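In the two complexes below, subunit A is the common chain; its partner is subunit B in one and subunit C in the other.
Let's turn to the complex of A and B:
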């Protein structure tokens, strides 16, 4: 048996689905978090001995899809014939929600209405007459509170849905037989349906707080949605998040954790003193050291995820989308592009998937191409390592990394707008602002722990295998002889990485160790840290005592032999070049165009290279009074990139013109204008 | 070969075997992003289709 969960965006479908199935799918206090359907078996406490599959569908306002993810819902309930539908209705916004409900009731499939978020209604003094509503809709209605573990109304609601399976739903309202291609007829029919819904709401709902009155929430929104104040507040909030996670609390906990990792590494190395050196290198340096270097940054990542989850849950991130919309529109993106960007602070893959909420194809492709410029969680260890080693742990490095990522998104969007010959058109940004609420610590903790688990799994599998391979390739030459001290450049790793290192000379870090770390970063970005730990034999990347040394002249900085300028160039190169292969795969799926995919990879490579080149060359000029190494070859590479952009732009626009030429197939039109 | 070396070799073999096996199994299931907290929520994940599945349910090119 299958039960579909459908309702408006941000009505709490996924929260209910998680409560009923025991899953922990991503939820958020804004619409558009779910972009694909998900299925899982209901817990036995709800379904008894029956096998009942719950299908969580993306939010939709009506059966006529406006965005691709709304299309999934409409397509599913129309064609998949679920045995019952649970329509999750936001009890705090009944009039808006029931439009979709009345459409679902017309399908003939039994519907059970779940009045979710009823707890908020109780707090606000809003009363809904359940029995009356049930009678008017011709279907059972239950009050539910998905966030509560007990007395949440879920069991009764599911039992009813199961018992109704196989019956036929009688609709309270039937759409007139109209021509669905006639816009005016459809509009008129929609108005009739709204009138029907409003009549029901008038009868069943009593509100203490009228939506037309200005309340405390509206006053807060007036400030946060102000185009100037809103952006300033956003900057301060994000700075605070980075400061707490990467300069204060995160490193404090990490320092403690690294102490244990180091002690363990020392113990392993001590036990292997009389064993072959390769074994000690593989186990103590490669696995414990390399993986430990990545795991050492876990507290920073966890603190950041915790704070971002709090911001999402209280409703702030939805406000950020709204305040950024005018800016994003100016560069040819949508306000909805903000959602992938925010999700991208966690992981690039769901961020790219979240681009499905953007209706316009060009905006959608552009956003999925640019969203990974925002550093994801995997890049936090890289940022923290360089901030700690070269900039005395300054929080401005993280803040700059994220805000510079935003700047690159804007510039990239402008560039794509120029290449694709985009013309101004009116686009709409419709997003419901959720009510402000006190963020749930339980939700934030759960979200943080899920991320931490994922991070550890990645470290214990991909990072571990990669570090072992890197260690083997560093230990042996191509004849499988152990590389002797002082002859490290003859190792397999060095010989593979050296050709790439040559290309990096104009960027200031043309050494094989750094090239090798950047290459392994394409498998998973945490690998940059793991590989650096292996190739330089370092693990103590985090040391609060050392970080306090002004100037950052600590062991890591000394061993790597980079200046602050080259360190920043290397950091930004790793942040803004293409993401990991998995994220590139996600881009491929979302873009559905090889041309766009290769364009995206080219743009990201070019951006990372250009940013690093400019930082190194200008930085060296400012700090040392002369240009850096390889300026001329670098300049030639940049000129070639510019040429490539111009040529691609011309090619695209030529095709564009051909497409819109109206009279090309009519003979004798040449010179007609004359 | 002393006792510590033997233990180390065994530990190394077990750790690598478990890590590679995990990666292999996940890849076989269709997970392209191991460790991704969203891997399990991808559409039709259980049927072995990855999170990079087209919205219509068919595998994207």
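Let's turn to the complex of A and C:
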């Protein structure tokens, strides 16, 4: 049996779905969090011995889809024949929600209405007569509070939905027999439906506080939506998140964890004392050391996820989106692009998927192309490693990384705006400001643990395999002889990475070890740290004692042989080149265009290269008074990139002009005929 | 000539009635309708900034940019 969950955006469908199935799908207090449909079995306590599949659908305001996401919902309830529908209704906005409800009731599938967020109504003194409502709609209505563990009304509601499967309800409102292609007739019909809903609401709802009255929340919003104060608050909030996760609480826990990892590594090495040296190197240094180096940074990522989950849960994201809209509009994007960027601080893949709710195609593609410039959770270890080893753990390195990522998003958006010749279209921006709520610590904790689990699994699979391969490839040469000390450049790894390293000379880090780490970074960004640990035989990157700066140098920095300038160039190269393959895959499925995808990869490669080139060359000029190595070849590469951008721009714009010309012709003929 | 008053010129805190959505952008019209913003329905301006405003439509609060509030004719 299948039960579909449908309702308006931000009515709490996914929260309810999670409560009923025990899953932890992404939730957040703004409209449009869920993209694509998800399904899973109901927990035993709700379904009994039956197999009941719950299907969580993206939010929709009506059966006539407006966005592709709404299309999924109306398509599903229309064609997939679910056995029942649970219509989740935001009890605080009955007057809007019931429009969709009356449409669902016409489908011939049994519907149960869940008046969700009933706790907020109780607080605000809004009373809904559910018996009357149920009679008027001719379907069962239940009060639910999905965020509560107990007394949430879920069991009664879902049991009713299960028991109704196969029955038929008489719809309270039937759309008149009209020509659906006649726009005016459809409009008139929709108005009648709304009038019907208004009548019901008037009858069943008693409000103590009218929605139109100014309340405390409006006062908070007035500050947060102020173009100056609001952006300042956003900057401070994000800085605080980064500071706590990467400079204060995160490293504090990490230090403690690293002690255990090192002890374990020592123990493994001890066990292997009598084994061949290669085996010991592979297991203790390669696997445990490399993976350990990555896992050591886990606390930083976890704290970060916890804090971002709190932000997502309280309702702040909608405000950020609204306050940033005017700025993003200037570069041809909109406030909708802000949400992917914030989600992107956690992981690029959900960030790219979140772009789906952006209506305008060009805006959507541009955002999914640029959003990964914001360093994701997997890049935190890379940032932390370089900040620790080369900049005495300075927190400005991390702040700069994020801030610079944002700058690159703006510059990239401007560039794409220029290339695509965007000037005619104006897109409007509207964002529902959901009611503020106290973020749930339990939910944030769950979201954090979920992420930690994914991180550990990744470390134990992809990163483990990569590290093992890297270890093997650097231990042996092509004839599978063990590489001798001093002849490291004959290893398989060195010979593969060297050609790439040559390309990196103008960036200041043209050695094969660093090239190899950057390449494995495309598989997963944590690999940069893992590979560096393996190729340089380093561990315990965040051990504060070891990293104590002694006269501007420490073990890690000395072994890697980078100056502060080249270290920064290398860090930024890794941060701003294309994301991992998984994120590129997500980009591909969102863009649905090979041209845009290759454009994106090209832009990201070009950006990473250019940023590193400028930092190295200018930095060297400033600190040492001369340009760095390979300036001329680098300059030529840059010139070629500029040329490519101009050529692509010209081609794309020519295509646009052609299209535009075509429209004019059509309009012309129309005019002539009239 | 009758001067059309839009949400842009509306007074804060006063509830108006939407008269029409003055736009040739079909999408905008359809989108606002779904939220319950169409002729005959009440609308209240909660706050106003240079480039956007917050308005109450039905029982929800929305941030609208000026492109939208210019199109919402009220009385």
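Please note the rule applied: the second predicted complex is superposed on the first by the 640 of 674 C-alpha atoms of A that agree within 3 Å, B and C clash if a C-alpha of one lies under 4 Å from a C-alpha of the other, contacts with A are read in each partner's own complex, and residues count from 1 in each chain.
By our rule, contacts are C-beta pairs under 8 Å (C-beta built on N, C-alpha and C of every residue); 3 or more make two chains touch, one makes a residue touch a chain.
This structure is a prediction, so every number in the text was calculated from the model and none was measured.
Clash-free side-by-side placement of subunit B and subunit C is the outcome of superposition onto subunit A. In the superposed model, A:455 makes contact with subunit B only, not with subunit C. By the touch criterion defined above, A:62 reaches subunit C but does not reach subunit B.
In the superposed model, A:83 lies in contact with neither subunit B nor subunit C. With both structures placed on the common chain, the touch criterion links A:363 to neither subunit B nor subunit C. By the document's definition of touching, of the two partners only subunit B reaches A:585; subunit C does not. With both complexes placed on chain A, subunit A has more residues touched by B than by the other of subunit B and subunit C.
When the two complexes are overlaid on their common chain A, residue A:95 makes contact with subunit C while staying clear of subunit B.
When both complexes are overlaid on chain A, the residue A:218 reaches subunit C alone and has no touch with subunit B.
Legend: residue contacts after superposition of the two complexes on their common chain; A:191 is shown touching subunit C, with no touch to subunit B. This overlay, made by fitting chain A, leaves subunit B and subunit C with a least C-alpha separation of 21 Å.
Here subunit A touches subunit C in the complex through residues 61-62, 64, 66, 92-96, 99, 187, 190-191, 194, 211-212, 214, 218, 221-222, 225-227, 318, 322, 325-326, 329, 359, 426, 428-433, going by the rule given at the top.
Interface residues of subunit B facing subunit A in the complex, by the touch rule stated above, are 2, 4-5, 8-9, 11-12, 15-16, 19-20, 22-23, 32-38, 40-43, 46, 50-56, 60-61.
Those residues of subunit A that touch subunit B in the shared complex are 23, 25-26, 35-39, 68-69, 71-72, 75, 271-272, 274-276, 279-280, 282-283, 287, 347, 349-350, 353, 356, 450-451, 453-455, 457-458, 460-462, 464-465, 468, 580, 582-583, 585-586, 588-590, 592.
Those residues of subunit C lying in contact with subunit A across their complex are 13, 15, 25, 27-28, 30-36, 38, 42, 44, 46-47, 49-52, 54, 56-65, 67-68.
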